[in-house]
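Below: a set of structures, written as structure tokens.
Look at the two complexes coming up: subunit A is in both, with subunit B in one and subunit C in the other.
Coming up: the complex of A and B.
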């Protein structure tokens, strides 16, 4: 029981030290803020410009009440202009038309919608234009496949840096030596660092996934959590293992750990068959993620054991 | 004979440059600057050749369309346009996009509706903008060392007690680095002109002013820096943001109001250096840049000899309330209101299924992370101050509560019931009907009545609560906030009591 208590309080102490380092907190908070903030803002700005386009109409067309009612029906605004092309070029209107020519500075979708209205005015149209229903799946699938794994890879690399940093910094400033005077098994020191790193980084990974699922559909949330957690835990384990030799310095251990972690990811991209089963390789793969997560736990146990033995 | 003041300024500038550029460091700065600027000044911009525009079609594709170049017949579901020929009536075209050629072919050679693209002709900054910005950016390290380094070496005090004015000290330091940045920018611009990449023009005057203004801003940002490292972290965080954001803002503003844009700090000079807008823009931007630079130098001179003013406990507590409110708002609202962006964009079909649950879960997780971080960083409350609340906090709480009586903004009322419902979820998370709502309720109590109440008291915690969640119903938020805080600050288990009361309030709704 006392070992577990020591494990917990050492982990809390390490978390406190990390939380009090402003640079650590800022670096962890940056990915979701930048990625989703920029995306949300872009969407908002594009929506503001695209939602209610203004249409410049020639005086003759503006007299067609049926056509004007169609424009108002889709909540577009309109005004009468004698210089239609100029109205579009100078951004006074998104579209302009006299009934035969359609000037456009807007989206294909808006242009086709307006063209559909104009064609419907023809007496005997040879063809009619119909807007297809929006295809939600294909619109956001690409983002689902790229964004969460990309952010998770970034966090996995952060975890690698944390793993290396926590161990080498504490060894250099004597904290680790002081901890070794405690009457607890040596593996507790590695385990506490693993716990602190895992809590610290995984909280942000889970938060990123939640933010993603508020804006886009995340079809397999549990699998995403398992794959991303596996990647982070593996990154942490690789970092701890690389820094565990007594003579390892921060820069040498970091070079080894980052090469190993990014090498694993590249291997996953090169040999997709391995992907679903191995942690870190499994990012972006279509599988349940249980095997990868268990693999990450196994690697973590190995890294903690190595850290305890080597640091003793 | 040069006046004494000018000689002092020049001496300080010379000393700063000698200290910074002595030995290898000078070569490094010169090499980095040359390596960055030489390709920008000389390399040609490759011409962009867009890939052929392939129009994918499927279904009963008419022969006239099929015969067009760059038309590819593909499987259903992967095409940009689907053609359906019913037994009676006209051909139906279901399309996400149609090429002009396809329209003409469908109309039998003579377009019935002639579609023409008429994009706005937007002036784009030229490469001289990049030259000016990079010349300013490479000086970050040196400018950081200028005041921060002097302070850590304790030579700043010596300089300040010497028979020179503070303005002269700051002016000397500014002159040193503005000259380096301005000269490298002008040299690069001259090379670009010699290579025929840029035309001669008035914009050349603005090129060195970007570096001059950036150096003045850099010195101002590090006026309280204790050493070069602190100074560098401050400038590295703020300088790229300031340069990038102000340039982008100026460019956008200048498209509609060039005269106004010319006076934007940093951005005005940068856009003028980019030879973007014609007419009086460049002279006005130069006047603006000189004015801003002088103001920044004066402000730095006022602050340079002082330590940052200490905050009294009351001001410290007010700042804590404001920061906590802003952070809690940032944690709670984006997740809940975020998906409304799709509704606003008239694409409600893209709102993810279960986005309310996800939003509540996001808010709860973010608030738990925030509470955890704040607890880990400051686990002890600040020393108690005599006042239980301050007039400022009370005024904020009353003002926020009074907002209930103001008419709702147009965005709320223009048929956006779903937005109102979402905004309400911050105050009444259980209305979401999911477990995540319960988690958010607990997270809010832990933060507002658990952590914040201990640190800033009843009124402060309530003011932050109203600002963070009372967007739609500030009066209810204020009343419930005060009740919860009073309830939560008494008894043996205040936090549990507050959670219980909150649950009761929510279930009674």
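Coming up: the complex of A and C.
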């Protein structure tokens, strides 16, 4: 009980210290702020585009001056295209139609309006085949696939720096020595730093993923959370392990830790077969993420054991 | 209460190679005694205190604190002992009250909040207890550190150069504090390289040089052994041998 109590209180104290450190808070808050900014900008652009949708028309339909006049009458722009579906899919047009089928990436209101023009043109009750919005993944797939691992890598590197900083800073100013004279096992000090770092960084990772998912399609959100958490925990473990030798200074440990963490990521990117299940190597790869997460926990136990052995 | 027997600690570095930081050191300190550990910089005082504080492992020899073997039962030793290093070791973004409360919580003190407040009050640190430690002066930090060290009522107190970096007034206050803390059954070891300071705090002194204990006894006994009547001359005579 005394060990758990110490672990808890030390972790709380470390979190409190981090929350009062302006530089730490700013660095953690930057990625979600950037994503929120991008989200706001996108909303603004979408709103602007929604006012004046562009319509792709088949050559036959474009020759119908009365129909075209109706479109121009509501201040929509139009252009002729032979590949109507593609025009919508690639966001060149909000709507596209050949008179019988309506491809749409716009609002219900816009669809109804255009459908009305088409029915009026037929001069008799008719069904217009309205195609659902094209899968946005196809257009933004690259971005959607690259961004979450990119954000996770950023946070994993933050976690590495925090792991190094939390241990070396406290060793250099004597805080760690003071803690080590407490009647608790020495591994508790590393465990508390791991806990505080994990909570502090993972909270921002989850927030960033949430913001991201409101803007883009996040495929397999649980796997994404597991992979990214695994990366962050591994970054933290690498940082703590690099700083654990008693003679390690901030700069020497940071050099080792950043090289190791970014090296792992690059290795995973260069040789994908190496690591679908290995934390940090697994970023951006398709797998469930459970094994990577468990691997990260295992590495963390190793790092905490190292800090307990060599921190004093 | 504190027994060091034939303590040896070796270090190795690139410039000096392997060297003896503590060379067969034997010290006995009784309950209620304040023992001054004197010596020039590099004599081995801090290494000795860090071994006692379970921060360093000895290479040879035995150390017992309150009858507990320091090597076999370091956790048990820490329950009886408090170590105050020369560096404050205070997290700069926590207040003094938070630091003392944290240690009281971890050490399992009854009503840690009240215990912290009482200690800060006893040591005259209440006025700045809610100021972040990073904004405190060296003297203020020293009081907070002492309060932190005393939360579990240790029977052994190890103070490494407690007056280091303090002005005249601060030094005097800390020396009075040390005398107060040494009353009762507590055994105190206080290290310093200033003989006159130790004279005011310690009941008995040990003088270290090059890792060895070169003299031990009351101040008068040690001075008599050197043939000098001046404290500094006696110190220099012992440490420059």
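Quick note on the criterion: the second predicted complex is superposed on the first by the 220 of 312 C-alpha atoms of A that agree within 3 Å, B and C clash if a C-alpha of one lies under 4 Å from a C-alpha of the other, contacts with A are read in each partner's own complex, and residues count from 1 in each chain.
By our rule, a residue touches a chain if its C-beta (ideal position, glycine included) is under 8 Å from a C-beta of that chain, and two chains touch if they have at least 3 such contacts.
Here the structure is a predicted model, which means the values were calculated and not measured.
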| item | value |
| --- | --- |
| Subunit B versus subunit C as contact partner of A:123, first or second or both or neither | neither |
| First (subunit B), second (subunit C), both or neither touched by A:88 | first |
| First (subunit B), second (subunit C), both or neither touched by A:69 | neither |
| First (subunit B), second (subunit C), both or neither touched by A:273 | neither |
| Touched partner set for A:115, first subunit B, second subunit C, both or neither | first |
| Partner with the higher number of touched subunit A residues, subunit C or subunit B | B |
| Partner chain in contact with A:20 - subunit B first, subunit C second, else both or neither | both |
| Which superposed partner A:185 touches (first subunit B, second subunit C, both, neither) | second |
| Interface residues of subunit A shared between complexes with subunit B and subunit C | 16, 20 |
| Subunit A-facing residues of subunit B, complex | 82, 90-98, 106-108, 112-121, 334-335, 338-339, 341-342, 344-347, 349-350, 352-355, 358-359, 361-362, 365-366, 368-369, 372-373, 376-377, 379 |
| Subunit A residues touching subunit C - in the complex, by the definition given at the top | 2, 5-6, 9-10, 13, 16-17, 20-21, 170, 173-178, 180-185, 312 |
| Contact set on subunit A toward subunit B in their complex | 15-16, 19-20, 25, 36, 40, 43-44, 46-47, 50-51, 75, 85, 88-91, 96, 100-105, 108-109, 111-112, 115, 118-119, 122, 125-132, 134, 136, 139-140, 203-204, 206-207, 210-211, 213-218 |
| Parts of subunit C lying in touch with subunit A, wherever the complex brings them together | 50, 53-56, 75-76, 78-79, 81-83, 85-94, 98, 102-103, 105-108, 132, 145, 148, 152 |
